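A, B and C are the chain letters, set down in written order, and residue numbers restart from 1 in every chain.
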Amino acid sequence: MDVTGIVCEAAQAVLGLALAPGVVGLIRRVKARLQNRRGAPVWQPYAELRKLFGKDMVVSPNASWVFRAAPFVVFGSTLVVYLLVPAFITPLPLNAAADLFALVYLLLLGTFALALGGLDPGSAFGGMGSSREMTIAALSEPAIALAMLSLALGAGSTNLGEIAARTIANPLAALSAGHVFAFAALFIVMLAETGRLPVDNPATHLELTMIHEAMTLEYSGPCLALIEWASWLKLTVFFTLAANLFLPWGLATSLTPAGLAIAAVTTVAKLGVLAVAVAVIETRIAKLRLFRVPELLAVSFVLGLLAVTSSFSVR
Amino acid sequence: MDDVFAQVSVLGASGVLIFAIVVLWRHGVMAYISAFRWQSNVLAALTAAVAYFGHDRDLYWVAALMVVVKGVAIPRLLTRLARRVATSREAEPFVNTATSLVLAGLLILLAHAAARPLLEMSSAPTRAAIPLAIGLLFVSLFVIVSRKKAITQVIGFLMLENAIALLAVLATYGVPLVVELGVFLDAMMGFLVMQIFVYDIHDTFDTVDVDALNRLKH
Amino acid sequence: MHLFLIASLVGPWALGAALAAVVRPYRRWVGWITVGVGAGSAAAAAGLWVLALGGTPAEAGPSHLFRVDALSALVALCVTLVSAMSMALGPGLAADDGNDPRTSRTFRAYGSLFALAMLLAVTLNDVALMWVAIEATTITSALLVPLHRTRASVEASWKYVLIGSVGIALAFAGTVLAYFAFVTVTAARSHTLDWPLLTSVAPALNPGLMRLAFVFLLVGYGTKAGLAPMHTWLPDAHSEAPAPLSAMMSGVLLAVAQYAILRWKLVVDASLGGAAFTDRVLLALGLLSILIGALSLVRQQSYKRLLAYSSIEHSGFICVGLTFGPAGVFASLLHMLNHALAKSTGFLLSGRILARYGTTDVAGVRGLIRTMPVTGTLFAASMLALMGLPPFGLFVSEFLLFRAGFLTGHVWATSAALVLAGIGFVALAAHVLPMIYGAAPAGVARGERGRLTLVPLVVSVVALIVLGLMVPRAIGALLERIAGGMAA
């Protein structure tokens, strides 16, 4: 990878880290408006991060190195994933490593690390949150694998750049049933993996209802900041995947200023649309009781299955 | 044009199939009626699309009839029936939700295998969607067999009829108009008879749980 | 002439139904008119029979909407005879019936519609319109099953309407698949898909597709014919329905479904170039039905359910016979005719027994020969007929069936059917003989009531005996025409 490549990837990383809190802020703002509240301003998450970085950490005496390492693993793995996702340009300099399954497992590495971090201090809430989180992760595995498989079947390769290029070249394929089903399956899995309603309420701290919040309950200060930032970045990753794998028009295929400007604008616009969509869904649908979550994930599994069979039969 | 036709037909058929899966997922009778209404409307839209792309004017009438009968009239009657006889939630079905959904997925795979001779035979642009119609047929049969409330079984049967109508539209651009009219008439009458019987069951047994219909054994 | 015969076969039933619906409150002369309708319709069927013997099928209607060939004429005759009998013994004719006017009116109206639908099914030329008519039979008969509203009859009617409708829907799927095969070959969307056209195009139709279509059609129409494993509705529906309706359902509705199966079998065989596939599938389901029917007869407590399971067994025999080549088809159709007569007589008599004894339990009925001598004798006769004993017609047709089976090399299947027939025989005898003899329970009146209504039943039993002693030339010729020309 040459200098331009390094610069591009670094720029993408910086942009991603900068956008992620904004996306979450937008979701929260739209939700508040829909609920007839004024709501915090869109840049509230940035302020939260600044606050947390300035605070001291309180660490439980029962915690081990796992507890201390987890936030860095989570942050690191999510950042690496973002570096592989075609956010503004395609193909990326790191495209050779941008394999769909590698992506999925990197994200899973983050989830795993966070779950361990929640278990480590031995608190009741942490253990409970970790076990719930791992159940959901395990159940959404088949669904996400099938959705990825259907995309790969359609493009003939699991490489993200390839998939995006194939869809750009063949616009009609975006309407195909395989794509639509894969999008639906991915959307449901995204809601599950990033802890959004109807699977998990990101704003709750009630024992009955929290999953992600339970795992991060013991964290404070900069570590908490890292974890929160990582989870927002994970949401942005999913949004970017949803937007740029299924509707990749606007991505810059060459490094021209005009192309990059268009790419920046379209990507931000797509992220905005998806954020509003998630906010609307979160407002309209009630949180599912925990034992109903497997049913929802089974639906996404069937959608994934339909996606694979549709992609397969159209070939 | 053919490509667009193919994509539209597969998309439409998938939409129709999705609502059957929704019936397996949701738990309330009103949700089932809603899903059926949406399914019939999507099917009617697909029929109209096939009429447009396939240059068959008769199908426009069929689509209109479908909207009127299955999109409006039958859901209305079902809603009235449900308000009178059903509690709002389906009792725990014979097969639990997650298993039903996985089984439905497997049934759809089976349908793709079973529909292979049809795919090879047909040269119509709509042929890619035919396995989905057969899948809907299997899933509707599964809904009928695995549900406990009589009214849900009726909805499963109505979906079975939708499946066969979908198959007819996709495979042969519909059957002759005379036959379509006969089929609609039969469907309407069959539904009315079933409705009468659900009222009967409710009046005689004070429940519409078909588990209670167990006096006649062997 | 053709038009007149077909119109007088089908039309009067429509008029009868309309009359029954319109005349409120119910009057007895409406009932008598439906009986007359039945008799007239039977005469028209006989006329069509004579025409069919001549070789040319009777056709009528725009673009040959109606077509009555030898096979249609046979089934039409069965339908009209049984329907006429049921109308003669149904509620609403005698003053001391015990039935309220509403029940009588419902029976006359829907019963006529039921007969009309069955006749349309066998006379309509278009395969899809035949389907529409058969679906109509499900609807009209289902409305009559809970005529006397009890928990059991409501349950039975629900199972019937649900399973029947699902089966019929699957049959329609099969029809659509066959239509699909037809359209891909002829590349022209004709407005009717009638039997002669379908048969002529059959060899060009895709075999794989026709195989799939046949599976759907067999499962669908097999549900209506009472073939296992789709038979679960039959014992309940036929036992809970009022006796005249059970007679029509067990006697001839099963025959109409078997008619549909046979028609489609011929088409699919022509397209597959041989009967191997259809024979295998039909044989499997037929043997399963005989097995379940015969074994279930052993532990029955209700005599109506006995008759119902016997119907499943005999339906199995008929379907198995269809796989034994032309001789087998001859035997099956003769069996269809005999069974229609015997079963309907049996059910109608069971109605009389129920009215007298007040129970459907076999254990509750004793000493029939003493309390109702004529009914008891006739009941014994029809039961002996159903057991397959000489001198009744079913013995002859079963003998011919087994003979055809051995002659075409289906040794194992025929032997199995023989053994099961024997089991069924013993079971029926064990249940029925105590009913005839023994001391009558206290409180059961003696003597026959409504002797006039026994006349058609006596005629029916006599016909069974005649058919058992010889196969009259008129019938034999017709059956040969069907078997030889395969419903040309």
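We take it that a contact is a pair of C-beta atoms (placed from the backbone, for glycine too) under 8 Å apart; a residue touches a chain by one contact, two chains touch by 3 or more.
On a predicted model such as this, the values are computed, not experimentally measured, just so you know.
Asker: Compute the shortest path length in steps from chain A to chain C over the network of touching chains.
Answerer: So the least number of steps between the two chains is 2.
Asker: With respect to inter-chain C-beta contacts, which pair, B-C or A-B, contains the greater number?
Answerer: Spelling it out, more C-beta pairs touch across B-C than across the other pair.
Asker: Just how far, in Å, is the C-alpha centre of chain C from the one of chain A?
Answerer: Here the centre of chain C sits 65 Å away from the centre of chain A.
Asker: Quick check: how many Å separate the C-alpha centres of chain B and chain C?
Answerer: So the centre of chain B lies 31 Å away from the centre of chain C.
Asker: Please compute the C-alpha centroid of chain A, do the same for chain B, then give the distance between them in whole Å.
Answerer: 36
Asker: On chain C, where are the residues touching two or more other chains?
Answerer: none
Asker: Name, in rising order, each residue of chain A that touches chain B in their complex.
Answerer: Answer in residue numbers: 172, 175-177, 180-181, 292, 294-296, 298-299, 301-303, 305-306, 309-310, 312-314.
Asker: Okay, in this complex, where on chain C does chain B touch?
Answerer: 126, 128-129, 132, 135-136, 138-139, 142-143, 146, 149-152, 154-159, 161-162, 165-166, 169, 172-173, 176-177, 179-181, 183-184, 189-193, 206, 208-209, 211-212, 235-236, 239-240, 296, 299-300
Asker: Touching residues of chain B toward chain C in the complex: what are they?
Answerer: 114, 117-118, 120-123, 137, 141, 144, 150, 153, 157, 160-161, 163-164, 167-168, 171-173, 175-179, 182-183, 185-186, 189-190, 193-194, 196-197, 200-201, 204-205, 210, 213-216, 218
Asker: State the interface residues of chain B toward chain A in the complex, per the touch definition above.
Answerer: Going by the criterion above, the answer is residues 3-4, 6-8, 10-11, 13-14, 17-18, 21, 25, 97-98, 101-102, 104-105, 108-109, 112, 119, 128, 131-132.
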